[in-house]
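Got a structure for you, questions after.
Just so it is clear, A, B, C and D label the chains in written order, and each chain counts residues from 1 on its own.
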Amino acid sequence: MSSTFGKFLTITTFGESHGPAVGVILDGCPPGILLDPETIQHDLDRRRPGQSAVTTQRKEPDQVEILSGVFEGVTTGASIALMVRSVDARSQDYSNLKDLFRPGHADYTYWQKYGIRDYRGSGRSSGRETVSRVAAGAVARRILERDGVRVRAFTVQVADIAALDRDLAFVEQNPVRCPDRKAAAEMERAILSAREAGDSLGGIVETLATGVPPGLGDPVMDKLEASLAWALLSIPAVKGFEVGEGFASAMMRGSEMNDRMTPEGFATNHAGGILGGISNGEPIVTRIAVKPPSSIAIPQKTMDRTGHERDFAISGRHDPCLCPRVVPVAEAMTCLVLADALLRQRAIEPYRPKAGV
Amino acid sequence: MSSTFGKFLTITTFGESHGPAVGVILDGCPPGILLDPETIQHDLDRRRPGQSAVTTQRKEPDQVEILSGVFEGVTTGASIALMVRSVDARSQDYSNLKDLFRPGHADYTYWQKYGIRDYRGSGRSSGRETVSRVAAGAVARRILERDGVRVRAFTVQVADIAALDRDLAFVEQNPVRCPDRKAAAEMERAILSAREAGDSLGGIVETLATGVPPGLGDPVMDKLEASLAWALLSIPAVKGFEVGEGFASAMMRGSEMNDRMTPEGFATNHAGGILGGISNGEPIVTRIAVKPPSSIAIPQKTMDRTGHERDFAISGRHDPCLCPRVVPVAEAMTCLVLADALLRQRAIEPYRPKAGV
Amino acid sequence: MSSTFGKFLTITTFGESHGPAVGVILDGCPPGILLDPETIQHDLDRRRPGQSAVTTQRKEPDQVEILSGVFEGVTTGASIALMVRSVDARSQDYSNLKDLFRPGHADYTYWQKYGIRDYRGSGRSSGRETVSRVAAGAVARRILERDGVRVRAFTVQVADIAALDRDLAFVEQNPVRCPDRKAAAEMERAILSAREAGDSLGGIVETLATGVPPGLGDPVMDKLEASLAWALLSIPAVKGFEVGEGFASAMMRGSEMNDRMTPEGFATNHAGGILGGISNGEPIVTRIAVKPPSSIAIPQKTMDRTGHERDFAISGRHDPCLCPRVVPVAEAMTCLVLADALLRQRAIEPYRPKAGV
Amino acid sequence: MSSTFGKFLTITTFGESHGPAVGVILDGCPPGILLDPETIQHDLDRRRPGQSAVTTQRKEPDQVEILSGVFEGVTTGASIALMVRSVDARSQDYSNLKDLFRPGHADYTYWQKYGIRDYRGSGRSSGRETVSRVAAGAVARRILERDGVRVRAFTVQVADIAALDRDLAFVEQNPVRCPDRKAAAEMERAILSAREAGDSLGGIVETLATGVPPGLGDPVMDKLEASLAWALLSIPAVKGFEVGEGFASAMMRGSEMNDRMTPEGFATNHAGGILGGISNGEPIVTRIAVKPPSSIAIPQKTMDRTGHERDFAISGRHDPCLCPRVVPVAEAMTCLVLADALLRQRAIEPYRPKAGV
């Protein structure tokens, strides 16, 4: 079940980098959700390669097909299958990597685990798998919209350049998807410069969920932050997760960290919208660390399957910084977690003794 | 299923802070593992309150009872139930908090979610629930030991004091469980001083797993780092997780981050022992951010259930810094994740085409 | 996870025949359900050994203890742990069976599977494990009662004696739990006579759920009948399951089997209350085949662990027919399945486009 | 997760009767299994409509496409997606049924559950969904073959005609898939006669698994018979399940039912190859009751969505008896259950203290 995520609303994904298609089955979606292919395509287009100079030049139209679960434009409650055919696969690019373990990639570990690996592109470990997540996440987003929940992600750091501003209207207007005009321009320059040097850059993506009602998230093991961490760390290249103050809380005192409750609501949001694993009604704020892509043009030394050292340089088309394309994936996974939590809360709501301030 | 963690090897926990008992059912444990109560008790004693001046003074013997799954000192393959009776509950301490939402606690969110809450201590959201995790983790540790996997955690930061050294032999010799002699003394002083001020401190706990064979972890959704993040973020008070370089990788270039493979093994371990969600044979290194405890003696303002502002101060016995007691819990959760991954890998090993350098 | 049943409302059980305790964690129970120990005890007393001459004479008070999840008599939404201590274990009765594989028992298969077995009583494979199910089922029953769903089981066949009548008021007034006065008396005589002969009898238990709203059950894999079959076949000694006409439908024509719909409801109930895996509002009727108990006093030949044939006779206290004690277990499992389905339906109800005749 | 079956080896299916495609993701398949499309196609062809006069005349080539998880003809350990495009859908056949609830069908219950239904054919509740099961089952069959496990199903009863012989070589040589020459001819005549009368017939399908090693199946909730019952009752039109003597065991005495163990193996197989939920090395024998198809040409009365009675007659192309086409589905589900159990047993085998006669 390692290709399945979620408990009530689940996704199960399939597809390799250079296989005929990638796709997903979304199960547990309630009936009555309006769903047209354009909704899904919109998010897929944001993830698509070849959007700008700061992303890979691989060309994939990534056209989604809805195979089931929707009737006359509305979800029926049945499992929803979404598929995207691969077009620009060029598997010949990779034949020379058959016996090599590329540094930073999963070549060596897949081979150790399975004794066999699909060496075309990165096979199952490719970032192409996230097409499935984005497609399913678009459906989850529709579920959430019905309750006014809105999920946005954006790049807040690339290398040592940090976004100070959070101008959400600007996010989709720059190729880096940064909410700070000044930082966005610097980030873009830094990425292009790294690409020219044959190198790559890391960064941080922040996700913001607003309109989340209090009460979502299930203690003890399915705390909202635990589910989000699971979801976001399952995205390729993500090396860290934090919610609210996150690692900064290690340096804080209880008297600073505690968000004071007032009759008007919480005075601050150090907790990042979650207390004890349950949403508290404040915006949910998470951040993930995205490592620099492993595929770089600079020549590297590595090992082959026979245990010999080899010189090699990657020649394919690769992303110099993953953040811009991780943004829609982080949104998708966050939508899936929140919609799952929302549906689970729906199940117990009718039993809930009346609470209210 | 929100009290269940794991896929093949699962734990399901129960118990409230001031209920009659806390406990766990560990299911999926293989037969033939030697298991005596002392093994489990040893880890529980490390988690127990009242160990030193830097932890809460609540006194709980936390004596474990094995209720099933073990016959003549050996696991049988049946589900293993472990229970710890509560002794020093003092639920009278909490009656005045019945209508109050303590800042930083889950009082408000439980009440919003369920419309009812067990206000004695923190009920189900209490750190006392981690007794169950530590007990089950001790069994997982025995499974791992058979293959030479060893899991250690320790405090690497308290407030702004960071451990530079990693002297593992020193960890259990100081109340902070810090692997750096100099930092340990400073941390202890800082914690005592915060307690005297009626305040609390945050910190960072690092976990190190050595001897992990390559091949553990299941793509795509059950990547080893995703499972670890889920496991560790489900521990109360944890606000962040990172593996390997973690958030530092945001500032690195691909040419720095990639761990070079040589015939003698990986030259560096920036990845933290995991590539593409699968262990690569290097030590697995994770870090979690632990927020300062919310229960502080300093008077605070908050809200009650009728929506009125209230002054209040917590009078119970509380931890001024959670790191020392989170250490055994982080170990337990890491052991559970790795043992689960190990058993899952066992299932496919006989089918694996022969791989090898 | 093989000791866990259910998807949304789950039970995880533990305990061996002669271990210190048996018990269960029920997770996913909504808040606000009134629950006192007497409710649970009532069902446990119906399952308890030593109730009459037609059941085993082993004496167990089977006193339940609620360890968590209930506060001031009401469920809180937290996991509910229920435990029953064993008292009359007499493990010395079984030491002579250490090396023997009793015919019809799981001795041989547990030993083949695990390479080790708890030979006291039947260890984990004992019918004593059903204490856990009955205790948890009593909670599920409370959830269902809130919506007017009522679940009753009864013995409809013992050997070749079939109940023709369905006088539910009479069920708990006779030791066989048969809803037919005449058949009940004959069944009792047949059981006592088999016991005297050192032998045992099989039978059939029917379960009837009334007041079930239409819409419960989840296609495709969690069809209501599939979940019920899973639930009921997991009870020791059950060898068959049918719903509605069941095996008799093999002999029917479509024109007979189809239940005609009229404005007043279904004219017949050949389907047994389920169409396409979803409840249709009619009573849900299932039947299970219960094999004759394997433990008989008649001397038998069997094999020991060294592969030699051995004569042996069972001397312990055993049930001559399991049906009377399977009745509360069948009710419990049916309640768990229906409550699980009800809660899952609750989750999607708010999204359901308005339907109605 | 209601479209997912299995615990370690899982299938998740999608697709409606008249949607663009049906398919499945099989997850947890080990690497190294040889898999070509022909293997899968062979089983699909056995399930395909239009094979003979005793099945529906709907024409579907049911051509399978492998979308992922296989590289150079060998499974890689990644999730395997299999898809079949629909060709001969003719959704116009069904538009007149938009507001009707066909008797015996799931029209009414889907509408009650979801408030919306795909009325083309039977939508998600259609038998067409079993294409997915058969495709995935073919892969499971390959896993089992490696260990010499062989799974065969056949029709043993149609109406009141029972197969006495078990000539497995004859099964695929007659359109009814009956292992008894004489009964096969009678069954065929009976089915054709029922079709001519505009009616339909029920029957019984038996499944036989040979070469099953002892030790498969997981107590307590995942007993092998419970998993098989869940699997087989999830097939549309199945109303009953039994293992070994099944319902006949209700009439047996313990002294008859117990299978005597001898140094040469079990002397009888009343248990049907399973003791205590675990395989005992004998053939596993199950039977399922298949109801007569609900779609009959005879005019019937029923109800429409506005609550009015309506006359109607089904005009589409339908199966007069489902048994011949249920045979490959029963095999597929049995293969999936056994392969899942085998992989789970693999996980604990290395820990098993050495057992052996």
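Note that a contact is a pair of C-beta atoms (placed from the backbone, for glycine too) under 8 Å apart; a residue touches a chain by one contact, two chains touch by 3 or more.
As the structure is a computational prediction, the values presented were derived from the model and not from experiment.
The interface formed by C-D recurs in A-B: of the pairs listed in A-B, B-D or B-C, only this one shares over half of its residue-numbered contact pairs with it. Of all chains, the one whose mean C-alpha position sits at the greatest distance from that of subunit D is B.
Set side by side, A-C and A-D show the greater C-beta contact count at A-D.
Taking each chain's centre as the mean of its C-alpha atoms, subunit A lies 26 Å from subunit B. Centres computed as Cα averages put subunit A at a distance of 45 Å from subunit C. Subunit D has its Cα centroid 38 Å from the Cα centroid of subunit A.
Along subunit B, residues 1-4, 7-8, 13, 31-32, 74, 77-79, 110, 113-116, 124, 219-220, 344, 348, 352-353 each make contact with two or more other chains.
Contact residues on subunit B toward subunit D in their complex (touch as defined above): 8, 30-33, 74, 77-79, 143, 146, 219-220, 343-344, 346-353.
Contact residues on subunit A toward subunit D in their complex (touch as defined above): 1-4, 7-8, 10, 12-16, 19-23, 25, 27-28, 31-32, 65, 67-69, 71, 74, 76-81, 83, 110, 113-118, 123-124. On subunit A, the positions that touch subunit B within their shared complex are 1-5, 7, 13, 101, 103-106, 108-116, 122, 124-125, 129, 157-160, 194, 199-204, 214-223, 225-234, 236, 238-263, 271-272, 274-281, 289-296, 298, 300-303, 305-309, 344-345, 348, 352-355, 357.
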